[in-house]
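Here the chain labels run A, B and C in written order, and each chain numbers its own residues starting at 1.
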Amino acid sequence: MRRHLASAKSTLGFGAGWKWSKIGIEILVALGSLLMLAPIMLIFITAFKPDAEIIHFKSILPEQWTLGNFREILGSPEEIPIFRWVANSLFISSMVTILVLTVTSMAAYALARLSLPGKKWIFMLIVATLMIPGQILLVPIYLILEWIHWIDTPLALIVPAGASAFGVFLLHQFFLSIPRDLEDAAAIDGCSKFGIFWHVVIPLSRPALATLGIFTFVGSWNDFLGPLVFLDSVDKYTLPVGIALFQTSYYAEYALTLAASVICTLPVLIVFLLFQKHIIKGIALTGLKE
Amino acid sequence: MRLLRLYRVFFSAAVLFSLFLLIVVVGCDRPSDHVTIRFWNGFTGPDGRTMLGLVRQFNQDNPDVRVLMQRMEWPSYYNKLFVAGLGQRAPEVCVIHTDVLERFIQAGFVYPVDNFLKGEHGIDVNDFDENVWKAVEKESKHYALPLDVHPLGLYYNKTLFCEAGIVDASGNAKPPINQQVFIDAALKITRDLDGDGTIDQWGFVYTWFRTNVYAMMAQWGGPIFNNEGNTCLLNSPENVQALQFCVDLIHKYQVAPPPENYDAWIGFRQGKIGMAFEGIYMLADLEKQTDLDYAGSPIPKLGKVKATWASSHNLCIRSDLDEDKQVASWRFIKYLTDHSVDWAKGGQIPVRKSLRNSEAFHSLEIQNEFANQIPYVHYMPRVPYIFEFYSEFDLAIEKALRGSATPKAALDVATENINKVIERHKRLFSESRTHGDEQ
Amino acid sequence: MGMSNKMRQFTWSGYMFLVPYLLLFSSFLILPLIYGLALSFCQWEILSPAPPRFVGWANYQEALNSEYFWKAFWATFRFVLMAVPIIVSSALLISCGLNQVTARNRQSFYRAAYFLPTLISISVAGILWRWFYNNEFGLFNAFLADWGLKVPWLTEVSVAMKSIVLMTLWWTVGGSVIIFLAALKQIPDQYYEAASIDGAGTFHRFLYITLPLLRPVLLFVVVMSIIGSFQVFGQTFMMTRGGPELSTRVLVQYIYETAFTNYRMGYAAAMSWLLFLAIAVFSIIQFRLMRER
């Protein structure tokens, strides 16, 4: 643990005498983080304002704190099945994350470490597809999903997401940067390829896996176009699409949208904070750092 | 290690769940004693809640039919509807605006309603407003049942009017009825309240450019297309004049701020704007602004004739349904149109003359005012390439209103591009016709 | 049991690692891609009942001659040129600053703060910033009014795209910060200690230790940012819908409208492939410039 404190101090090479610069940097960082948080806090605060007050902006804090917006959203479960949407979003995002982590980690390991003829070309092909604008795949994928009757089921959102080129790319780079010694040691000890993968590489890659996990989860959570096109039933919607119901093409019902945004953001916030602990633990327990 | 075990558990659970889901989805064929009708529309927001109430009521009153309403925001709605139609997943009943109807008619997705009108659950055609009914007609068949009409009308701020002294004999705010009075009123209301050199209170504001300018063009009487519908005449002199007037309001008379599109509506809600032309559907939004004293009236005659823009929500039936679904769909549609006064409460105007004469409707003040315009409402041109038309139209009027092009130049460019689109469509459809002949 | 058998065994189980992914990849990426490519050489306008018809390069020619295509392309390009340097350098600076914070829980807090905006869905973020940027009642102008300023954030051609970049910075910088931070933490302290013993100053340490060691990750972040920025759509769609005067109508929005609103599938497919070409060229250039020696 002490090593880590030392490393943080010396990353940018400050010695003992530069305490004030460190404080200065931290102040800047703190200010920046406040700027990042301010809009989100605004969502939370403004959600407690009645609609008329939002339009007629007088001050940041509500003159009249009201639970009316939340009541309207939560109070009509048939029109606005918001808990259903939260459940759908949670389920789909979790499944996507697990699928992506499993499938891409194996693929990335194979491409980074195992000797396979043609793997360079496969990798380049995978990375090349990153440049494909997702929107153009929408209609072909829709037609395929339609053909196998997956439209309006969660499968339509979960399975295609497993083809994450981003995941393979990210993990590939990280796997490359792990020193081979540990893997070679395990191989000499008679470990199978999968054994090496499972017992050596995965534990070492916790930060990368956690990072990919977060990105995948958040990406799936916030996906708007996918659920919009592939889901028909309102009670199967995910949160972003559900929230969009509060807008008409003429104007936005700011009050309800903000209240819904609060409900939408809270779970992800909680999940992220939970994951954060794992990232830290992963770093602290990493064999190499000892 | 714990994390990995968690992963394993999650993964197996996921696989099991997916299998379960697959079985449920693919294998299940629930026997039902009722007909299920899927009803799609774009009614998000307050009108959506009104419609849901109506749907629920119908389901209660008709236990042998179950209507499932799905809604999504209008822009995506039409895209989705069309793609669903392609994949044969279109809903049994859907709502289509009049201007978009042509596309769906041409693609063969909607079914004529004429037969149902005479049948068991018939409706008297004469009860509908003529121009609204005609708007859904093609080759003497009617492809939808209009549910309502939502015209553009004048919303005005009574407080600002009284302050500026624009009142009638009994001291009530008096909405303008012609160009002179309109400009006068706007000039009186446009003021710099705090003396800082910028105007804080405007007489007029442009909310949705498209409808505002189109209404003006209708008032100046310019044609958009020629009679055969194969040449665009958007840059004809009357249209240029109409657009010039719109531009003058901003740059010459300076009674309207430089344009900002629909969010400018908020200025009216904030009480900073004297007048705005908007649809009746904005009423639900206005009603939330309890500290605003507003009223509605027909839009003034700023051009040569009285005219305003309108669109309608039309109820359509899918074209390839079997008989019991058709009957059930029609019963639902009839229910909705018979209850269109309830629908009106959400901020719409029924197109059944008998219903408009009812006590219940008369109590809806602003709807009544706006309804006076029905005899002279103008719909957008009915062309299948309507969205491409809109792109050009919107861009041209935006350029003119912002002052980055003269009305004539902007409309010239739009006309040229729209004519290219017409060309392309002609070629496309003549080719498909020869294709059909070959078969 | 010679070398050849072992080699075969070696590759067989190796491919097993790849198979699940490749299955998904080919069904949901390659297959639709090929379909899209085929489509780009056809004329298929769903409004007409005519089936797809082979037209060769016609769609590509139309795009390259179209004023709207180039306008949309230029809008995207402007965005990329502004967004990528700003966001990547900001992320780098922020993560270095974050790495300096010794107190572990404070660092976690700050990191969460920078990352939080990426959790916000585009529908929410779009509405929020549209409110911020509104001329009449927006938050920013409400504050600026005290200084007598009123900025036309989204309504002036010269300002609109910059406002979108600012919003994108807030919305996406956190992602890159997390990646950089994870990579910074992997740099062994011995290197820095050794360098400082040798008398290297802060800036030198940054240039000669941090940056080179970050190179693979930096490359990754830059390339991903370029690719992502070329595909910008959500922000402009939600906040300006392409206005004012089409100045923020990025290529993806134009493609989307062409495909899903005007139903010109073939033409949209061709434009997507042109966009892909642009992204590929740009990324390869970046890749080459930054590749590990």
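Quick note on the criterion: a residue touches a chain if its C-beta (ideal position, glycine included) is under 8 Å from a C-beta of that chain, and two chains touch if they have at least 3 such contacts.
The model shown is predicted, which means the values in this text are computed figures rather than measured ones.
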{"item": "Overall pattern in which the protein chains touch one another (line/ring/star/complete/other)", "value": "complete"}
{"item": "Comparison of B-C and A-B by number of C-beta pairs in contact, larger one", "value": "A-B"}
{"item": "Of all other chains, the one whose Cα centre sits farthest from chain C", "value": "B"}
{"item": "Mean-CA-position distance for chain C and chain A (Å)", "value": "15"}
{"item": "Between chain A and chain B, centroid-to-centroid distance (C-alpha), Å", "value": "38"}
{"item": "Touching two or more other chains - residues of chain C", "value": "130, 137, 260"}
{"item": "Residues of chain A touching at least two other chains", "value": "55-56, 102, 139, 244, 247"}
{"item": "Sites on chain B at which at least two other chains make contact", "value": "83, 263, 266, 270"}
{"item": "List of chain B residues in touch with chain A within their complex", "value": "3-4, 7, 10-11, 14, 17-18, 21-22, 25-26, 42-49, 52, 56, 68-76, 80, 83-84, 87, 89, 208, 262-263, 265-266, 269-271, 279, 281-282, 285, 288-291"}
{"item": "Residues of chain A that touch chain C when the two form their complex", "value": "3, 5-15, 22, 25-26, 28-30, 32-37, 39-40, 42-43, 55-57, 102-104, 106-107, 109-111, 114-117, 122, 126, 128-141, 144, 159-160, 162-163, 165-166, 168-170, 173, 176-177, 192-194, 197, 207-208, 211, 214-215, 218, 221-222, 224, 239-240, 243-244, 247, 252, 254, 257-258, 261, 264-265, 268-269, 272-273, 276, 279-280, 283"}
{"item": "Sites on chain C touched by chain B in the complex", "value": "43, 45-51, 53, 130, 134-137, 148, 150, 155, 157, 243-246, 257, 260-263"}
{"item": "In the complex, chain C residues that touch chain A", "value": "10-11, 13-15, 17-18, 20-22, 24-25, 27-33, 35-36, 39, 94, 96-102, 104, 106, 108-124, 127-132, 137, 139, 142, 170, 174-175, 178-179, 182, 184-189, 192-193, 195-196, 200-202, 205-206, 210, 216-217, 220, 224, 227, 230-231, 233-234, 252, 255-256, 259-260, 265, 268-269, 272, 275-276, 279-280, 283"}
{"item": "Chain B to chain C touching residues, read off their complex", "value": "78-79, 82-83, 86, 103, 106-108, 196, 198, 258-261, 263-264, 266-267, 270, 272, 384-385, 387-388, 391, 395, 398-399, 402, 404, 425, 428-429, 431-432, 435-436"}
